[in-house]
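So that you can tell them apart, the chains are marked A, B and C in the order they are listed, and the count of residues begins at 1 in each.
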Amino acid sequence: MIKGKAKFLLFFVILFLIILPLIKPPTYFLSLIFKIFLYIILSESWNLIGGFTGYLSFGHVAFFGIGVYTSAILMQNLGISPFIGALPAGILSSAVALIIGYPCLRLRGPYFAVVTLCFAFIVDLVVKNWNFLGGSEGIHLKLMEMDIQISRSIFYEIFLGLSILIVFFSRWIQNNKFGLGLAAIREDEDVAQTLCINTSDLKIKAFILSAFFPGIAGGIYAYYISYIHPDIVFDISISILIVLMALFGGGSSWSGPLIGAIILSIVNEILSLFIKPEFARIIYGGMFMIVIVFMPDGIVSFLKGERGK
Amino acid sequence: MLKGTNVTKYFGGLVAISQLEFEVKEGSIVGLIGPNGSGKTTLFNIISGFYRPEKGKIFFNNVDITRLKPYEIARLGIGRTFQIVRPLKDFTVLDNVATGILFEGETKHIEEARLKAIELLKFTGLESKKEIRASSLNLADRKRLEMTRALGIKPKLLLLDEVFAGLNQREIEEAIQLIFRIKNEMGVTIFMIEHVMKAIMKACDRIIAIHFGLKIADGSPEEVANNPKVIEAYLGSSDVTS
Amino acid sequence: MFNLIVIIQSIVSGLLIGGIFALLGVGFSLTWGVMKVINIAHAAFGLLASYIAYWGLNLYGIDPILSLFLSLPLLFVTGLFIHRFLIQHITRSKDIIVASMILTFGLAIILENIMLLAWTPDERLITTSYSSKAIFLGDIIIRISNLLGFILSIIGISTIYLFLYHTKTGKAVRATWQDPEGAALQGVNLQKVSMIAFGLAIASSGAGGVALAYMYSFNPPSHNLWLIFLFLVVIVGGVGSIMGSAISGLLIGLITGLSNAFFPMQWINVLLFGLLMVILLIKPEGLFKK
């Protein structure tokens, strides 16, 4: 719940973030925050099916990548600007989620995790071998003819907007009937059924929503990076990272992935500056273990003293 | 109200229930007894839609519900509890009950559902604990919550699976009273599986006894208690607690 | 193209590697089915044994088989510790199986990067004096190293079988699996039994790792690919079923061998992932469910 003083603070933080590009901070700094926005969007979206519903998808990066490629192809072949192309990108990702959701959501726990992981691998491999999509060469998009500072700022503001949107959307869902149903499914799917909840219906809806925003974000991101390659946009470590971020912050609440994305992105940056990547990854591995053993409900619950039951 | 014809269920090569015919009349409290493994919970799972029988049909108010999904059966008005209680652990007691009320359909908003949940909790005596996390409740309260939660969906038929197990004398007495009140004040028909013989004799109008998936008795508590086949079935096992 | 010799050769090679898949699969299936732990680090431990064997061979001239006398006990004890101090602490989670996946995932990352630091990302291969030799059955070539790996796997699977069916602890493990409450009532110390079974599974992975190292080059990220094969083997064979995993391992090896002869490399992986997805979606309990 957001109380009076916090609302005030939040307003100023958001205002500050909006104005930030105008005071011309170093590009590196702006890029870092941009990356944080990306992970907020991805992990909050993931959390709709993962944390809220309890179906941990380990291949979620696939929806992001599908979004990237959709808008890239539309740009390359039809000249459609990715700012417009992002919408069909999101819709296509949702459509894919709908199609594979029906069979996959019948599986529980580990089976669902493995099948979504397979799905992501398959999409990655298919794209790599499909020449229409650029194959393993990737796609090069023409850059916008604009000052780089200005274009970076535009992307920044768009992603800021998307982040705010997904966070509020997630919060809205958590507190309405749909979210309550998802939470019931997470707690005990059989019991949820005995309470008149059409679990298949809710799960599919959550899955589609969780794919839509990464699709849109991917659509915009295509233009940001302008060189698209499967290794970049279907990178499994992105899937893994967003799961960790959501779980670290606490999956059952809208605030979890937000906190997780911010903290872990910053930690990631600091680590990559000072230590070897292998050591950084060892620390990540350790974090997975620490989170699941000591704070299975996320860091916020842990700090509040709400232990496991 | 509830009728089963020729209900047969296999698990792999094992027969769990065989050609079972049973009926539960509206407004009654019917008991289902039998030694462990005789197929009682299996039958409940079939009625509530979690299992599909290989043969036979289940009718609820003359509607064939055999092939319906569990949530559809719940919407038709059959509620159930589970043998090993399954509270929604992270939910408060209030929300455990409010969820069913909300999804039953008549109530449109969460806040309205929560208000109705409070009324229901008052009826079953859990109102003072409504803000407590379900995981913190003791066994007797969890069982009470399980029943309250099932009542949230406005059931016409309530399937109770061993609600007395693990309760002491006093708690059993309270539970029996609650069940009577549910039947009399809310007009809910009750079909209950039980092992605690004294309790089931007291609570039920009729008792059905099954053994190895077959029906061996069907009648008033006195008739069933004196039925030689029933006595024989139970002599072999040590799970009669009275 | 459809040369009979090529086909038979593929079948033989496929079966030989299938034996190793079987061994790795049995250990993976054991922890999943019996202890409800999906050990994402299973293949990583196997890889560790491969590196120890490689190390022993290249630094001290010790035959890889002998290195097992070091790595097997080491892995067994490591398994005991991991179970006792990590796995036994995630019982608070709502879904223990998924929690175990996340826990062992972290472990796998740690192992992989320790190996990266210790041995660099370079590909390694175990080459002994006999590994290039082969025996000939007509036109069919059977490399000594492949045969050795296969024999190692047979020994490993037999050991696990003997443990489960002919030792007191092993029988206790099976009892726990079938009826945890009943077993506990009969005085079985669940924790101790699980620890030992886990240690055994990890050790068996070590044997499998060494066997694989004879046949294929490896580097730290290799365990990821092995793991996908393991999921395929165990899901097809049915979680917890020793016989199922063994047969399924041979089957997957066979399919891999045959595919190698007919499909280009990249598509084999797609084929396998696709197969895994299809099996999961159609028959997640496996083809050999008891």
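Just so it is clear, a contact is a pair of C-beta atoms (placed from the backbone, for glycine too) under 8 Å apart; a residue touches a chain by one contact, two chains touch by 3 or more.
Since we're looking at a predicted model, the values are computed, not measured.
Trainee: Computing the C-alpha centre of each chain, which chain sits at the greatest distance from chain A?
Mentor: Relative to chain A, the chain whose C-alpha centre sits farthest away is B.
Trainee: Between A-C and A-B, flag the pair that has more C-beta pairs in contact.
Mentor: A-C
Trainee: Taking each chain's centre as the mean of its CA atoms, how far is chain A from chain B in angstrom?
Mentor: Chain A and chain B have C-alpha centres separated by 43 Å.
Trainee: What whole-number Å value describes the gap between the mean CA coordinates of chain A and chain C?
Mentor: Computed value for the inter-centroid distance: 33 Å.
Trainee: Check each residue of chain A and list the ones that touch at least two other chains.
Mentor: 187, 309
Trainee: For chain C, which residues are shared contacts with two or more other chains?
Mentor: 94
Trainee: Hunt down the residues of chain B that sit against at least two other chains at once, touch-wise.
Mentor: Counting only residues that touch two or more other chains, chain B contributes 89.
Trainee: State the interface residues of chain A toward chain B in the complex, per the touch definition above.
Mentor: 175-177, 180-181, 183-184, 187-188, 190-199, 252, 309
Trainee: Taking the touch rule as given, give the residues of chain C at its contact with chain A in the complex, in rising order.
Mentor: 38, 86, 89-90, 92-95, 97-99, 101-103, 105-110, 112-114, 116-117, 228, 231, 235, 266-267, 269-270, 273-274, 276-277, 280-281, 284
Trainee: Could you pull out which chain A residues touch chain C in their complex?
Mentor: Residues of chain A touching chain C: 54, 56, 103-104, 106-107, 109-111, 113-115, 118-119, 121-122, 125-126, 128-129, 186-187, 240, 243, 247, 276, 278-279, 281-282, 284-289, 291-293, 296, 307-309.
Trainee: Quick one: which bits of chain B touch chain A in the complex? Just the residue numbers, please.
Mentor: 48-50, 69-71, 74-75, 79-80, 82, 86, 88-91, 95, 98-100, 102-105, 109-110, 133, 135-136, 149-150, 152-153
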